[in-house]
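Heads up, the next two complexes both have chain A, just with different partners, chain B and then chain C.
Now for the complex of A and B:
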C-alpha cells in the first residue's frame, strides 16, 4: 500500500502497468522460461553446452539463495561460504564413488551432505557469532581457507589436488533393479536434461520455502537483527539463536547444492572451492540485492550465465577470459556498493529507503533519526 | 634442538615477521583511522614487489654487474616500489572508500574486496600470470657466520631496515604535526574536524604511508625469495592482517609485536619436532586451566549484585567453573531462571571444550614427538592463529590502543 502512495507522478504508463502486476506473474514467467529452455535442447535447437551452463547457473542460484540468508537477511558477511559447499560436495563424493567403494542411496547422500555442512556451520558459529561484522567476515574467510587447504593436504581422504573422480550418477533405484530394465532404469539421473530439471525443482522449492521463511517470525527476527541488533534484542529476539539458525540453514543449503554439484560434475577437486568462488557468490547477492529473493536469483543468473553466454558466443575460449571476468566482478562490486547498494531488484525495505521515496523526504527522515541518535535535538531546543 | 638450529630458525622467523610487520602497519593505521579493513592492502604490496622486480629487470642487473650499477638499480627499484604503491593507495582511497565513509562496517569491506579482486586481475593483465623472477645477485645470496651458523646478509638487512622504518613511523605518529592529526582523527573524526584538522587530507596521508611501507615490503620479499606471484598479496595480506589483529588492531607497536609472534610461530611450527612444540601447547593448557579455574570465576563473582551476594551463591558460581560438566549440565537443565548462573555454565562449557582440545593436541604431540608439521600446512597455521585470536581475544595481545571512542 505504501508503495503505491509513494510512487512519484510522471512515470511512463508501461512502467506503471508492469509494476502493478502481482508478484506471482513474474515467478510464473520465470518458471515457464526456465522449464521450457531445456526442451529446446531436446528438440535439437540448442547445444547441450547451454544446458550445462543452465545447470551450473541453477546450482549457483541455490548457493546465493543460501548466502542471502546470512548476508542479506541477517546482515552477517560470510567470506568462506564456499567451504560449506565443499563439505557437501566431498561428503557426496566419498559416499558415492569408487574411492571407498561406497554407493549410498541418492536421497540419503543428499540429506547427509546437507547435514554435514550444517554441523560444520553449527561448530563454526558457536564461537564466532559474537564477533562484530568485519571480524566475522575475516574469521569466515580464514575458515574457508583452512577447509580448502585441509582438503588439499589430506591426501588419504580426499586425493588432494587430484580430487575425487568417478562419482556415480544419482539413482532412485538400486542397481539390481535397473538391470531388469523397466521403470527402475528410468530412475537414474545421468543426462544433462535430467540434471537440469532435478536442480530446477530443487531451486523452485527452495525459493518458495525461503520466501515463506522471510515473511515468517524468524525472517522478521533476522531482518530486525540486521537493522539494529540492540533494538532487536530489546524487543525479545534471542540474537545468538536466530543468528545460529541463519548460519546453519545457509550452510545446509550450500551442502545440498554441493552434493548436487558433485553428482553433476562427476569429478571434484579443491580447485572448485577457492576463495574466489566465495567472492563470486557474494557478488551475486550484492548485484541482485541483499535480502531480495528474486534479486538474488537474477544476480546469480546474470553473473554465472552471462559470462558463459558471452564466452560461447565469442567462440573459442580465450585463455584470459577468466581474468577479464574476475576483473569485471571486482569493479562491479565497487560500483554497486557506491551507486546502487540496494541491488538490481531491491528488497522492499531497501527500496523504501532509496528510490521509491522522494529523496528530500528520505533525507528529512534520516536527518531526524540521526539527530535523535546523536542527541542533537537537545542542543537545538 | 641444537643451538645453531635455534639461531637459524629464530632469524628466519624474525625476517618473515618483519616483512609481515611492514604490511601489517598499513592495515593497522587505516583501521585506526577509518575503522575498516583495507582488504586491498595485500595487492598494494604485490604491486610494490612487481614494479620493483621489473625495474631491476629493466636495468638489467645480474650476478656480475658492477657495484655502482647495482646500487643505482636498487635505488631506482626502491623509488618505484615506494611511489607506485603510494599513488595506488591514494587513488583507491579516493575512488572506492571515500564515497562510502560513514556507512555500516561491511559496506566498505565489500568495496575493498572488489578492489582487491580487480587489482589482482589487473596485475595478471599487465605483468602476466607467471611469477616474476629476478636474477640471483651476490647481494641477496651472501651470508655471514653468526654463532657458528650461516645467516643470509639480506635477512639481517631486512630486519634492520624494517626496524628503522618502524622507529621512523613511531616518530612520525608521536611527534609530528601530521601524526598528531592522525591520532586525533582516529580518536574522533568529527571532533578532529571541529579542531580544524583536514581529515580528508589526514586519511589520504595515512594511506600514502601505509602503501609506501607495503611497497618496501614487496621489494624486500622479491629480493629475499627471488620471485613473486600475482596472488602473493592475498596470503601476505591475510597474514599481515592476522598480525595486526594479534597485536591489537589500530595499535602500531602491537602490529609489530603481532607480526613477530606470527612469523616465529609459523617458522618454528614447521621446523621443530612436535615433541618440542608440545611444551608450548602444554603451557597454553596450564594458562587455559588457570583462566577457567581461577581467573574467570573470580571475575564472575565480582559481577554478582550486592543484594544477592551470599557465600553459597558465590560458591555455586565458582563450582560451575571448577566442576563442569556435572554442575554445568545441572545448571543448564534446572536453573535456567538464574541468568548469571546459566550464562556462566555456558561460558564454562566453552572454556572446558577449549582446554580439552588443547590437552588432546598436547597428548597427540607428545605421542608423535619425533614427527614434524609438513610445510604444506604452514598457511593453515596462520589462519588457525587468526581464528583462535579472533574467537578468544579479539582485542589482541596489546589491546586496541587507539580505536575505541571514549
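Now for the complex of A and C:
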C-alpha cells in the first residue's frame, strides 16, 4: 500500500511526507531560520525594528515554556504568572542600574533574578497547593495583582509608576574596566543582534532541558497528577512536592526571562506586568498546544510577532491597532477552541484525541482494530 | 517473620455510619486473601484505610510490624503497598508504557537537574525502568505488545485497562498488592484469564489482598476468605467454610435462606 492510498481523507502525498519527517528535522529547521534571521538585519535587508520584535518574541517563548510546566504538564492554571516575570525584571533592575548605583556581574544577576522568582514561587505555592481549578485561578490572579500594585506603590524601591531607568547592558565586567578596551569591551551585550543571539541560545538550551525533563520520571509524575491526582498519589507520587517543584521551576524560568527583559528594554515599569500579560501568556500556551514544547514555542511567536506584523501592514492605522489587539486574540482563541482545541502543534498524546489521523498512527490504529477483534474473540466463551 | 499486613480493631465512620467496625485480620507472606461481602459492607473503605486514603478513627494497621495507620497515601505506597481501583483510575492521556513507568516513581530517584541534563545515571535508570516495565507488560501475553505500548491508555479495551492497572501496581514491586474487584465487568473468559494471572503472581511471590464479587474467582485463587457485612467481619476461613457460614448466607440472601441452609 502506498502512502497515497492510506489517507482516505484525500490529503496529498506531500503532507504525508512532511508528517513522516522526524522531529529533529523540524527543530533543526527552526534553529536555522531563527539563527539566520538577524543576519538579514546585518546585511541590511531587514529593519532593526524586526530584530526587536524577535527578541521580545523569544523572551515570551521562554515565559510560555515556563508556564507550560504548570499549565500544560501539571494541569494547574496560573493567572498571575507575569508576577514572577516582574520579580526577575525588578531584581535585575535594582542590581544593575543607577537606582542604587549597583552593577553586579551579568551572570550573577541573571541567577539571582531567577532565584528571587523561585523564592516567590515557593512562597505562593505553600498556601495554594491544596487548591484546584477555579480557586487556584482566582488566588493566582490575586497574587499577580498584589505584586503589580506593590511594585506600583513601593516608590522608594521601585520608583512606582515611573519605573526604573538606565539599566546597564549585560556585561561580564564593570563599565570602569571596559574603558580599557580589549576583551572586556568585547564582552558587553548592547546591540540588538547580540541580545537576539543571547536570548536565542537561552531559549534553545531551555527547550532542550525541558524536553529532557518532560520525558523523565518527574515529567511523568506531573502528567500523572494532571490526569488523576488520587491515582497518582496512590502510585507513590508526593503531590505537594511535585506541584511545588513545578511552580518553583516555572517561576524561576519567568524570573530568568524577566532578567533578560529588563536588560534588553533598559527601562522597566509596572505597566509591563499587567494582568493582561498573564492572560496573553496563557493564550500562547493554549494556542500552541498545552504540554507540547514545539507548540508552545510557535504559540508564543505567533501571538507576539503577529500583532507587530499586522501593525506594520496596517501602516497608517498603526496607532489604532493596539485597541483591536485583544479583540483579535479573543477571536483567535475562540476559533482555536472550536476547531482545534488541542493547539497548533499538540503534544503527541493529545493528538490521539484530535479529529485527524496522522499517517504515522495508522499502524497503531490497525493495532486498535486488532485489539477490538481480539476483544470480540474473548466474548466467545 | 510476622504477618505482612495486620489490622488491629480498625474503625472508621462517616458521620453516624460505622463503615468499618473494629475490624481485625492478617495477611501472611505470599498469601492471597479475598474480602467478600454485600455492597456497602465496608470492603472498599477497608482498602482506602490500608492504602492511606482514609485515616482510621481507632485501631492500628501494621505493615510488617510497622504502623502505617494515618500515613499519606504516597508514603504508604513507598512502604510497599500498591493498589488498583474498583472504578478504573488510569492516566488516560498517557501511554500504556508511561502508566507503568509512573508506578515506579517512588522506587526511582532521578532528580530535577540530573533529569534536565540527562546525566548518565538518569539514562541508566530510565533504561532499567523501561526494561522492567517491559517485563511487567510481558506478564500479560499479547495484551500490551509492540506498538500498543505507545498508545494512550484510553484507547484500550475495558479488560486491558484493568490489566494495565494491575501492571502499574506491580511496577514498584509491592510487599502487598491490593486488588479492588480485578474482574469487575469482565466476561467469564476474561475473568478466567485474570484469575490465572493472579495465581501466577502468587508463584512469583507476591502477597495479595483482594476484594471480589465473582465467587468463581474467589474460590479459584483464595487461600483464605474474609466476609464482611455492615463494617464487621462476619466470617473468616477457607472458601468452603465461609461460603457455608450461616451468617454469610444471611448477609447475602436474607434470614430465611440462612435458616433453610441450617
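One rule holds for everything that comes next: the second predicted complex is superposed on the first by the 337 of 381 C-alpha atoms of A that agree within 3 Å, B and C clash if a C-alpha of one lies under 4 Å from a C-alpha of the other, contacts with A are read in each partner's own complex, and residues count from 1 in each chain.
Definition applied: contacts are C-beta pairs under 8 Å (C-beta built on N, C-alpha and C of every residue); 3 or more make two chains touch, one makes a residue touch a chain.
If you're wondering where the values come from, they're calculated on a predicted model, not measured in any experiment.
Participant: After lining up the shared chain so the two structures overlap, which partner does A:31 touch, if you call chain B first and chain C second: first, second, both or neither?
Facilitator: In the superposition, A:31 contacts neither chain B nor chain C.
Participant: Could you tell me if A:267 is touching chain B, chain C, both of them or neither one (first, second, both, neither)?
Facilitator: A:267: touches no partner chain.
Participant: Could you say whether A:217 touches chain B, chain C, both of them, or neither, answering first, second, both or neither?
Facilitator: It touches chain C, and chain B stays clear.
Participant: Can A:209 be said to touch chain B (first), chain C (second), both, or neither?
Facilitator: second
Participant: Quick check for you: in the superposed arrangement, does A:133 touch first (chain B), second (chain C), both or neither?
Facilitator: After superposition on chain A, A:133 lies in contact with chain B alone.
Participant: Contact-wise, after the overlay, does A:232 reach chain B, chain C, both or neither (first, second, both, neither)?
Facilitator: So A:232 only meets chain C here.
Participant: In the superposed arrangement, which partner chain does A:249 touch: chain B (first), chain C (second), both, or neither?
Facilitator: second
Participant: Mind working out whether A:56 is in touch with chain B, chain C, both or neither, as first, second, both or neither?
Facilitator: neither
Participant: For chain C, which residues are in contact with chain A within the complex?
Facilitator: Going by the criterion above, the answer is residues 51-53, 72-75, 77-78, 82-83, 85, 89-95, 98, 101-108, 110-112, 115-118, 122, 125-126, 129, 142, 146-148, 150-152, 154-157, 159-160, 168-169, 172, 187-190.
Participant: Looking at the complex, which residues from chain B come into contact with chain A?
Facilitator: 36-37, 95-96, 99-100, 103-111, 113-122, 124-125, 129, 234, 238, 241, 245, 350, 374, 376-377, 379-380, 383-384, 386-387, 390-392, 394
Participant: Enumerate the contact residues on chain A facing chain B in the complex.
Facilitator: Listed in rising order, the residues are 75, 77, 79, 126-128, 131-135, 137-139, 141-143, 145-146, 149-150, 152-153, 275-276, 279, 282, 286, 320, 323-324, 326-327, 329-334, 337-338, 341.
Participant: State the interface residues of chain A toward chain C in the complex, per the touch definition above.
Facilitator: So the residues of chain A in touch with chain C come to 209-210, 212-213, 216-221, 223-224, 226-228, 230-239, 245, 249, 349-350, 352-353, 363-364, 367-368, 371-372, 374-375, 378-381.
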